[in-house]
């Protein structure tokens, strides 16, 4: 089981290289000269030539590809011409921001999603179930950027101007400017404050999906014989659901986690854009638009890596929650 | 005061259309230490009856109708809820189910699941509870309890799983055990072992036992008395031996005919024709009449009452003892005696 | 296998990176060996001012400026981006001279300058009290180094045209003494403007760096060490730049700026930026959308500063294309476009109609020119008929004799303003029987199409930020017709003559008639349909005092900005 | 009497028989369309001389008016004969699914909404109060005060910065948004089914090759891949559809492959093999129809997903060519006016949410109806 997962993961590395190669050629062959982005009125052709050279665009495509591949395999992701720093540094600056945002959102999404899903399954067919179904489907159907804009309107602008709330949530960035001068505790609070709206947006959208999934899975579980057994044992209902039901209901949800895990990096693209969250999503979009090829390639590889990692994680988690699988590798 | 006294139990299942009258006025009496068998084809309402006792009807699916009464040692169980009901469940009244594979939670070890029941119903500390759990495993005949306790249900054989189920049921030291088709999913040799086990623990612990099965054979090996259920109603009830020796109701006779037994090889297998109708759509008159080989006009019109059965009208010889010899039958074939009420 | 491990390790590394500052990983490379020591020296130099700094009164507080795009930094190549250029000029670095409110040159790093009689020599005398933030003095050596660097195309400096008439290489510059530097060149009308834009670089830090490596050197974007009023503190790429007041800034230039801290923040969505301005998360919203300005004006505590800016917006018609080679067609396109209405609709009326590339802030701007080609669809139609374009099949679009419809494709990169103008022009030109097809392109592809030799386009939206020195030779001169910037591709001897002459007349009074003639000639030729020069709008929180914004730029007066003590946020 | 009622008013027979949902919908539809035809008679008559769009609208109007009437009349008559309206059709898997589906109120509501959306899309020339490009403010002698006008009786949903009527643009925009969803999913499902079926059925090297390709595309976050494609190539509707389709087919392929693998082991497949049918025949005639249920579910849910993605692309300014209204680009255009003219972005946003919600409701309903395991649970 584990060895199977590991082998699959190792097999994924050439796969990811293949993906990055694809991106390399798509970006390189797309119309327009990447260097011409840096053209400014009054610039001379000689300068353009130098820009092209320093971006490594003066060589034939295949040589460029070979050079990129060689460096890439050695862990050198190249140089971001737009940000004027090594890609590695640029990505290392963006990655933690995205991870913090997305992992928080994933945590809350699964927490809320599981609670709501279980509640719905327990109260199946009730008014509460219908209402919650409607609400989760509503958020599930909503474009994330749209929700983000609405939340800004409600929780920041209206909260402050119309409703006179004592505080409003910051609408952009990961911390207030000058937060480095604050006491550590206030710095922490400031960061949490900034996390509220983006996390809420992501959470609402993700939680809808999780809840729908959990509800289905729990409905299936609740009808199982062992739930009846647990009740016949005299266990209190909460314990029946939360121990015997949930533990089984979560097994398929683990797959969902495998699907959502790559979200840690890529799923936040639009939300980062709206909330000016300096993370991977924003970096990728800007780099694609600026044809900052090395950043796009490294990012792609990383994103793909997350998908592979997500699958591996789902496999491992499957083993943790389902003894039938854990034991099958003997 | 009887251990279990069921009166006029009516349990209906809600469906999109008419309610299904799955259990429709059953009376049952079970004394301390007595073992009673409940026999009927699938769809006769026997499982639902057992579930009704512990209030385990599927949520939103089934309901016990007003006027029904289930008394356990005089305590009314119908409408009971909360803590007391949970104390009774698994404590004073335990239940084992048909499919040990699906009835055991696949993600917890069997030891864990038994331990849970022990801790719930017995005032033991953790170590003592563990001790007790291992003892129970040994009691139900699982070899090497220490090792097996850590096993998950899927790692055990069918027989072992059912033993574990029984151990779990015994954890609360119940005075009544409801066994719903405990051997159906098992092969014949294992079935015999499990029945023996049930019999042994019942005797040792002095429990009352309600054994539910579609197989008259199985029940007759364990039980003192037998109730035959058809269409949610008792059609014949009486001491095991009497029913085996002289079945009166055509349905009982049908069941006897369709059973396969080792000790009675002379008989050929004669299954009852047709199927149990939907519980939403019982036929008028006697519920068995569409399948009855001895159907009469009256059967189609009127529903028979449950009467003390002594003899059979017609060609069949009358067996058994004195009138009212502890046997009740619901059939118009007996109507002659009553004078056609 | 070892290699793939190094790939995987990136993920692991990144997770731990939340704790430590980025840049201390092994991959930081040069950034580590250069930046670490450089910033340490800055810190220790600044520490010597502890306690001596002026406090109280106007001193103190932090200001946050929000923009939609990150800036490139302080390297010469970054000067192509307006935000970076302004930070080089006004914030982190210094230029030799400044402009005052009326755009006359003013001493800055240079105390005085002198132009030789024959206009071939320019001598700067530098201040002797300007320190780089790491404690080194700024000297003539730095100026000479900067000049030599930027005239080398390898530096990727975007405006080498400034120094085209200078003697090549080392012949052009002469270090007279530590604080005197002299330049040699061919005579030219505008001598000083180049030096208002070019920020001086530290020779002691970058002197050893090969010029071609300068554009990738960490100095520019990771750890710039300047000599301007604010010193660099930190940068979170894609997020913010943080600067701190420079206590060593010369007293004669105003000394230490009032603000303690200045933060440049990146917020890519303008709606979010407006929300931040309203909720007081940022103090300045640079380059507001017109309707955002209207919203902000209604808020209490906010002002919107709008000021003319030397930027021009036009449609370049490629006259190499047969349909557009006819001046009557180009003229009809301009006449058929209701530009006043476009200004009203797209810029909320806050723009000046143009009929030449001379922006309103330039001294040679002729306000009367704006009325020269008023919206006149009637005249446009007759011009088109005269040019042989008649709607022969009555589908609303004109055709020529061969039956080819008058369809013109207009390309532009993704940008809200351009999209809006393109849509409006389409509606308006349809009225005179021309089908305009606006087409959005990715920026790189768009730039390639308008600058490459093929010139595979018909019409293109272009915006130029011009500065105060105008030299249109690369746009319209016959000699430059194959150059990058000759979008229109027109060749006109009369225009050439004006363009050549203009570069040689230093006296404005003398030059003005030539400028007039040049602009009139453009009007006749219509290589472009000039649209407008929009006002720039910045939303400013009123707690920020003495903010003046004018054509010099958004940050030109940052040294005087101050915040009253009660308005300062408690950091 | 019921028969005559059917002649008079479609839906009435059903209503009289207590079938409120179906009858009510038919009645509402019929009366609504009739009102439309009468109130906008000029426009409808003008359509006779109009272009293709007009003709499609005309045809739709006629067909739906006639169709509803016919359905109601015939269904009414049949129910007179048989006593019950249902009971038609063979009880195949899909037929059973439909019956289960019909019991799901929310799903029916979703289906009704989708029908209305598409109907509105087809009838746009008659429904829209204004032309798609009604840039009155910029026409000769235009009135600039009509720009960004708040919702009023003239402009029910207000106007945008070009003085265009938002409601009309939402209607015209539905063509792009709803068609993109349908086409992209159509292409991706076809492609995914084909490749998935081949991979699942043939196995071996073909399977490996196709599944590696699937892995490769799936190793990419979809939105990022879309941005790469759409950002770098001219954004025509064609590119957007192709990009959306080519990023979605792998999940369909994976699902179909799984279904086929499972079905392959079933008896009827072996029976077909034993009868000597060709591989292609077995695959397309015997296996695929059995995988149809999950496919329909995936497709329905996929359409909603695709509409959201298109909106996301448009939000980044990468969607369909500017100037052509699509809901996503309308939201994107309106986001700058969020604080002074909320209606510009809000109404198209609602259109997106509503359409996606409807598709998801139907998808959910279909899944419940077509998955026997779950539907049994729902019935219990």
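Lettered A, B, C and D in written order, each chain numbered from 1.
Note that contacts are C-beta pairs under 8 Å (C-beta built on N, C-alpha and C of every residue); 3 or more make two chains touch, one makes a residue touch a chain.
This structure is a prediction, so every number in the text was calculated from the model and none was measured.
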Problem - Pair exhibiting more inter-chain C-beta contacts, A-D or A-B - result: A-D
Fill in the blank from the handout: Farthest CA centroid from subunit C: chain B
Practice task
Select the chain whose centre, defined as the mean of its C-alpha atoms, is least distant from the mean of all protein C-alpha atoms.
Solution key: A
Fill in the blank from the handout: Chain-centre distance (mean CA atoms) for subunit B and subunit D, in whole Å, is 53
Fill in the blank from the handout: The distance between the C-alpha centres of subunit A and subunit D, rounded to whole Å, is 29
Completion exercise
Cα centroid separation, subunit A vs subunit B, in Å, comes to 54
Completion exercise
Chain-centre distance (mean CA atoms) for subunit A and subunit C, in whole Å, is 36
Fill in the blank from the handout: Residues of subunit A that touch at least two other chains are 30-32, 149, 157, 223, 273, 289, 291
Exercise for the section: Could you list which residues of subunit D touch at least two other chains? Expected result: 231-234, 335, 338-339, 380
Completion exercise
By the touch definition above, subunit B meets two or more other chains at residues 58
Exercise for the section: Show which residues of subunit B lie in contact with subunit A when the two form their complex. Expected result: 51, 54, 56, 58-60, 86-91, 94-95, 97, 99, 102-109, 116-117, 120-121, 152, 154-155, 165, 168, 172
Completion exercise
subunit C partner, complex, touching residues on subunit D are 133, 135, 137-140, 142, 144, 147-148, 161-162, 231-235, 317-318, 321-323, 335-341
Problem - Residues of subunit C defined as touching subunit A within the complex - result: 3-4, 6-11, 13-15, 17-18, 22-23, 25, 27-29, 31, 62, 64, 70, 72-73, 75, 77-78, 80, 153-162, 212, 215-216, 218, 220-222, 234, 236-240, 242, 261, 263, 265-269, 271-273, 275-276, 278-279, 281, 441-449, 451-452, 464-466, 471, 474, 483-485, 569, 571
Handout entry: Touching residues (chain side subunit A, partner subunit B) in the complex
Key = 124-125, 222-226, 228-236, 244, 247-248, 251, 321-324, 327
Practice task
Please give the residue numbers of subunit C that touch subunit D in the complex, ascending.
Solution key: 269-271, 274-275, 278, 289, 291-292, 294-295, 338, 341, 344-345, 377, 414, 416, 419-420, 422-424, 426-428, 431, 438-442, 445
